[in-house]
Amino acid sequence: MTVTWLQAGTLACALALSGTAFAADPIKIGVLEDQSGDFAAATIGKVHAIELATEEINKAGGIAGRQIELVVYDTQSDNNRYQEFMRRVLQRDKVDVVFAGFSSASREAYRPIVNQFDGLAFYNNQYEGGVCDANMIVTGAVPEQQFSTLIPWMMEKYGKRVYTIAADYNFGQISAEWVRNIVKENGGEMVGEEFIPLGVSQFSQTIQNIQTAKPGFVVTLLVGAAQASYYEQAASANLGLPMASSVNVGQGYEHKRFTPPSLANMYVTTNYIEEVDTPASKAFLEKFHAKFPNEPYVNQEAANSYIAMNLYKQMVERANGSTKREDLRKVLAQGDVCFDGPSGNVCLDPKSQHMSHTIFLAKVGDGHSISFPKVWDNIKPYWLGDAGCDLTKADPDAQYTPSNPPSKQ
Amino acid sequence: MEFVTAIVSSAYQFGDAFAFLVLSACGLAVIFGMMGVINLAHGEFIMCGAYMTVFAVNWGLPLPLAILCGSLFAGLVGMIIERVVVRRLYARPLDSILATWGVSLIASQGTLILFGPTMRGVGTPLGSFMVGALSFSYYRLVLIATALAVLLLLYLVFNKTRFGVLARATIQAPHMANALGVDTNRVYAFTFGIGAALAGLTGGIYAPTMTMIPTMGTTFIMEAFVTVVVGGADVFLGTAPAAALLAVVKASLTSWQGQLAGQIGLLLAVILVIRLLPKGITGFILKDRA
Amino acid sequence: MALLQTHNLNKHFGGLHVTADVSFSLEPGKIHCLIGPNGAGKSTFFRLLLGEHQPSSGTIVFDGQDITRLKSFQRINRGMSVKFQVPGIFGALSAQQNLQIALQHRLDSLDLNAEVERLLDFLQLREVADQQAGNLSHGLKQWLEIGMAISLKPKLLLLDEPTAGMSPEETFMTGEIVKQLNAQGMTVLAVEHDMAFVRQVADRVSVLHFGRIFAEGTIDEIVADERVAAIYLGQSHD
Amino acid sequence: MGRGPAFWSAFVVVLAFALAYPLFADGYDVGNNIYFLNWTFMALGLSLIWGYGGSLSFGQTAFFGVAGYSYGILTINFGTAYGFGLLSVLIAIAIAALFAAVLGYFLFFGRISGIFLGIVTLSVTLALERFMAQTAGPQWTIGSARLNGFNGMSGMPPLTLPWFGGEISLYPDIGLYYLVLCLLVVVYLGLRILVNSKFGNILVALRENPQRAEMLGYDIRKYQLGGFVIGAALAGLSGVLYTSWGQYITPSNMSITAAALPIIWVAVGGRSDITATLIGTLVVLSAFQALTIYGSQYALVVMGLLLVFTVLLAPKGLIANAGILLGSLLDRKNGGK
């Protein structure tokens, strides 16, 4: 936080410095995000956060004296576009690093290409976890960070009977697996588990199945606009059960978009949302709104993107201005690449190249106001490292899941 | 009591699935069945009706009027598109697929540009009722009633009104109808408008239960096409039994094995129907007449 | 033995009987015309012969074989051929290509070109050989289709109103073509309205009325038949 | 189009340019053009099915996907050694063709045609997409290949050729460019021969007038099925090339958007001629990409407008209509006829 105030205070100074910074070649950063199509709602903020960070960093003299130049393409929520543009930024625009991707499918689409060209990509998104790839740095939260906090807390408060409804794809399946395991470890019982195909928007039967099973709370891991219709339908059928989620509010700001009280009594673990009531968060939000007054909401992915820019700056500067991937990974391997950002202190884990987070438990009230009953500091992305992924030693370029872990040598 | 609950629950689920299939498909079926045009902008008409409904509610109209408003607006847009684009393509039905696809691209991205990636919806009205230990939403009953009303209305319009008779005549023998002094262009425009308005109605009536985004129409598309395929070309003969058949399949499988089974069941039903009744249920009913 | 024979051929759509117990026999080597007022069931009878409709009951025997359940193309391959009322040609292709496609079923490339040339001359289509068939005059389209139909060297040629829309000269020309084909050994069954044409070509005439064979004989016998005159007169009063 | 000496000299010039292209283009352009060329096979197949045979099929992407997934499953399980990489390409295409044969049998022998054929093939494609999208769970594995649901399958090797004393992996670079170009030339010439053959004649005949074609003694169902399967095999070839190009395939390659794209390419180019289809596909692909790069959020709107205007103003397709216009201009210069 002190850093940002200093920056603001020394704006004039920074502008003067920037004159010299222009002398060096700029550092090119590719940005591939979905500014149109299905995912636009949650991702436009990421691009804005990157633009905000770029402006700040450039005003403060750039990265190691070099200005940042953004190369932005709209990937239209289309996997093919990711493939086309990932090749373009790496081969034609010759960017130093890429910030790319919202959906896991888009990440998997571009990852082989990043590997082919041996580039470096930041994936600034909460996801199902498990990517063990030296070409990737992930700043979003992963299931162990969100569920090892959320589920035991919920079970303590609302009892041990748990019902999961999850989107029937990778994120939902893997998250549900995490929930199942954590419920079992804590002596609870899964009274139901239902996977909803993507694009399904009608939930009458599901709502009845839940009523029949009588759980203490429902874990909702629904994804996409169609599935989000569940909340409205559950409220109108007067289901009245508390909900736990890792994906709502923090990403798609459903509490702002839906009519109260459809999301009331939902508990979400997120690593940032704009309601977070710390001075760092407020300062970040103020800067964001100063630059983008019409921004509908600043979500966790926006914060993660902003943090990622600053982490990248730090790594390059500590590598004496080198943008080579191996030099940066040597810095990363020291294990102390950390940043005091809008969500508190975060650090990159050298083994998995994922990021630790402050996890906020957000509760949605009747009028869709947000309160924070609990905050956990410094929750580490432990699973990949424990399971045997160690990028400081080997680079398998793979994505693992709890049921499909790395084979131990 | 438990028995009653089970009966009510099954009926409710069947009705809910039936309503969704009928309402998804009816606009598409009218335009396809009556005009032989596959309208790939069907989802966008649904979206259009939904957005208009939400706007109307925000202007202070009560929900039923707002839905009507959404439906009429979608119908109007449909007639304009028919006039500007589709009309020129009746001789080339395959090309109309492309044109309506183009329209759908423009509509969904245009909506994103104009109104942003998402919009606050309106809540579902009417609350819920209890049967045994289960609670149900009243609004779902409204959906079921609407589906039935739409089927009845379509039957009346196309079989009992002057317009309906003219429309059927025009579709079967355009030259003949023309020679008899029917303004065939107007008939086509109205038929397309009715299809679009039905899509708009679907959008409007489902708007309170769904998330408002520019691509919201796509969630209806698959069900719409499946129902039309199973139903065959004739809206009146095909759509209702097709929706009923599929609703039984979907509701029973969903309650038995979850949503995925329901979806797979739908697809298997389609494959079976293609194999056994290549011309859909219409073809089966019309077999003797062909 | 008859080349084509139908036994009690029935077709009804719903409650409507379009052909009723049609028993009909066609002698080889003859030109046989089928006449009758509109709605008499002539078209349906043709469609039954061609396999475009399945009969509700009855059988069709062609060249000694029961073809009732055969598909259209199988009947064609047993020696039938047809010329439709509305010229059935391939509009986007040239006249020459139309003939090629018809001929290639029977011939390979070398003989094929010679035969195409022969047909172009025979049907006086030489001038328009390279024009798109869809752009030909109505009469030329009719002749082109006759050319396609006879490309198959059929035993039986079915003609559905071959002179519809033709000028008297064209009609006469068509009649001469039909007679030449018959002289080469082709049996012909034609549905026709134009009585001049019928008189010009027909060895034998059948009258279809309300889905039944109403009368049969030479053209003179039919013309002399008062009942036949009555149904045509009745028709004209409608 | 396509029989005179003018055509063949143009063909040689274009081919010479295409062969020389990597000499003066950078790596990105070469790789990007491979990507474009990958799609052309599917478009050519559709041109055969739709443009020549008159059956509008939305199924091309289904066969594309089936072949792509098959390639992935085969190579992930058995690797690419001993020429198996190449063999798995062929097997994958064969599986797609077989799938098309079964589906096509139901369709054509059930006498489904016209616009209804479009709806049915679209439904099958969407069904396949839904099915593949729900294979995320750990139970959906074939051998060591995880289908991996919506996120798509990755980890398959690039196209691998057996070679003396080893094998070559073809990443999107000059080698792969020449291979794909060579395939394209072979397929293009093969299709030219096919459409000018007796088989091609009958395909066009049954597009123009199926009843007449049948009444010439042709079992049109067999010819429709034949065209459908050949077209599907070409879509399968595209699927394999695409999958090995990006080492990735997802269910969204079979989505409604993806299914409509080949139809757009073919229609905008001109469906009733494979040359127009080929040029049109490449033009539309690069135009859409350029629009996305420079047109920001208006790209999709412009694409939609382009489509509507093409259909309304140039019904035979932009390339085909341009060809006709050029032809009539030349005629006028030569004094006309």
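Per-chain numbering from 1; labels A, B, C and D assigned in written order.
We take it that a contact is a pair of C-beta atoms (placed from the backbone, for glycine too) under 8 Å apart; a residue touches a chain by one contact, two chains touch by 3 or more.
By chain, UniProt protein names: B = Branched-chain amino acid transport system permease protein; C = Branched-chain amino acid transport system ATP-binding protein.
From a predicted model like this one, the values you see are computed outputs, not experimental measurements.
Asks: Just tell me the minimum hop count from subunit C to subunit D, counting one hop per pair of touching chains.
Replies: The least step count works out to 1.
Asks: Which chain has its C-alpha centre closest to the mean of all protein C-alpha atoms shown?
Replies: So the chain sitting closest to the middle is D.
Asks: From subunit A, which chain is the farthest off, judged by mean CA positions?
Replies: Of all chains, C has its centre farthest from that of subunit A.
Asks: In angstrom, rounded to a whole number, how far apart do the mean CA points of subunit A and subunit B lie?
Replies: Inter-chain centre distance comes to 38 Å.
Asks: Would you kindly tell me how far, in whole Å, the mean C-alpha position of subunit C lies from that of subunit A?
Replies: Centre separation, subunit A to subunit C: 75 Å.
Asks: In whole angstrom, how far does the Cα centroid of subunit B sit from the Cα centroid of subunit C?
Replies: 47
Asks: How big is the gap, in whole Å, between where the Cα atoms of subunit B centre and where those of subunit D centre?
Replies: Distance between chain centres: 32 Å.
Asks: Going by the touch rule set out above, which residues of subunit D reach two or more other chains?
Replies: Subunit D, residues with two or more chain partners: 130, 134, 297, 300.
Asks: Residues of subunit B touching 2+ other chains?
Replies: 109, 112, 218, 222, 260, 263
Asks: Which stretch or stretches of subunit D touch subunit B in the complex?
Replies: Listed in rising order, the residues are 50, 56, 106-107, 110-112, 114-116, 118-120, 122-124, 126-127, 130-131, 134, 256, 260, 263-264, 267, 297-298, 300-301, 303-308, 310-312, 315.
Asks: Would you pull the subunit D residues touching subunit A in the complex into a rising list?
Replies: 26-29, 31-32, 35, 130, 133-134, 136-138, 146, 148-152, 154-155, 171-172, 246-248, 250, 252-253, 257, 289, 292-293, 296-297, 299-300
Asks: Spell out the residues on subunit B that touch subunit D in their complex, using ranges where they run on.
Replies: It is residues 32, 36-38, 40, 85, 88-89, 92-99, 101-110, 112-113, 218, 221-222, 225-226, 228-229, 233, 260, 263-264, 267, 270-271, 274-275, 278-279 of subunit B that touch subunit D.
Asks: Which positions of subunit D touch subunit C when the two form their complex?
Replies: So the residues of subunit D touching subunit C come out as 198, 201-202, 204-205, 207-209, 211-220, 272.
Asks: Enumerate the contact residues on subunit C facing subunit D in the complex.
Replies: Touching subunit D from subunit C are residues 50, 52, 71-73, 76-77, 81-82, 84, 88-93, 97, 100-102, 104-105, 145, 148, 151-152.
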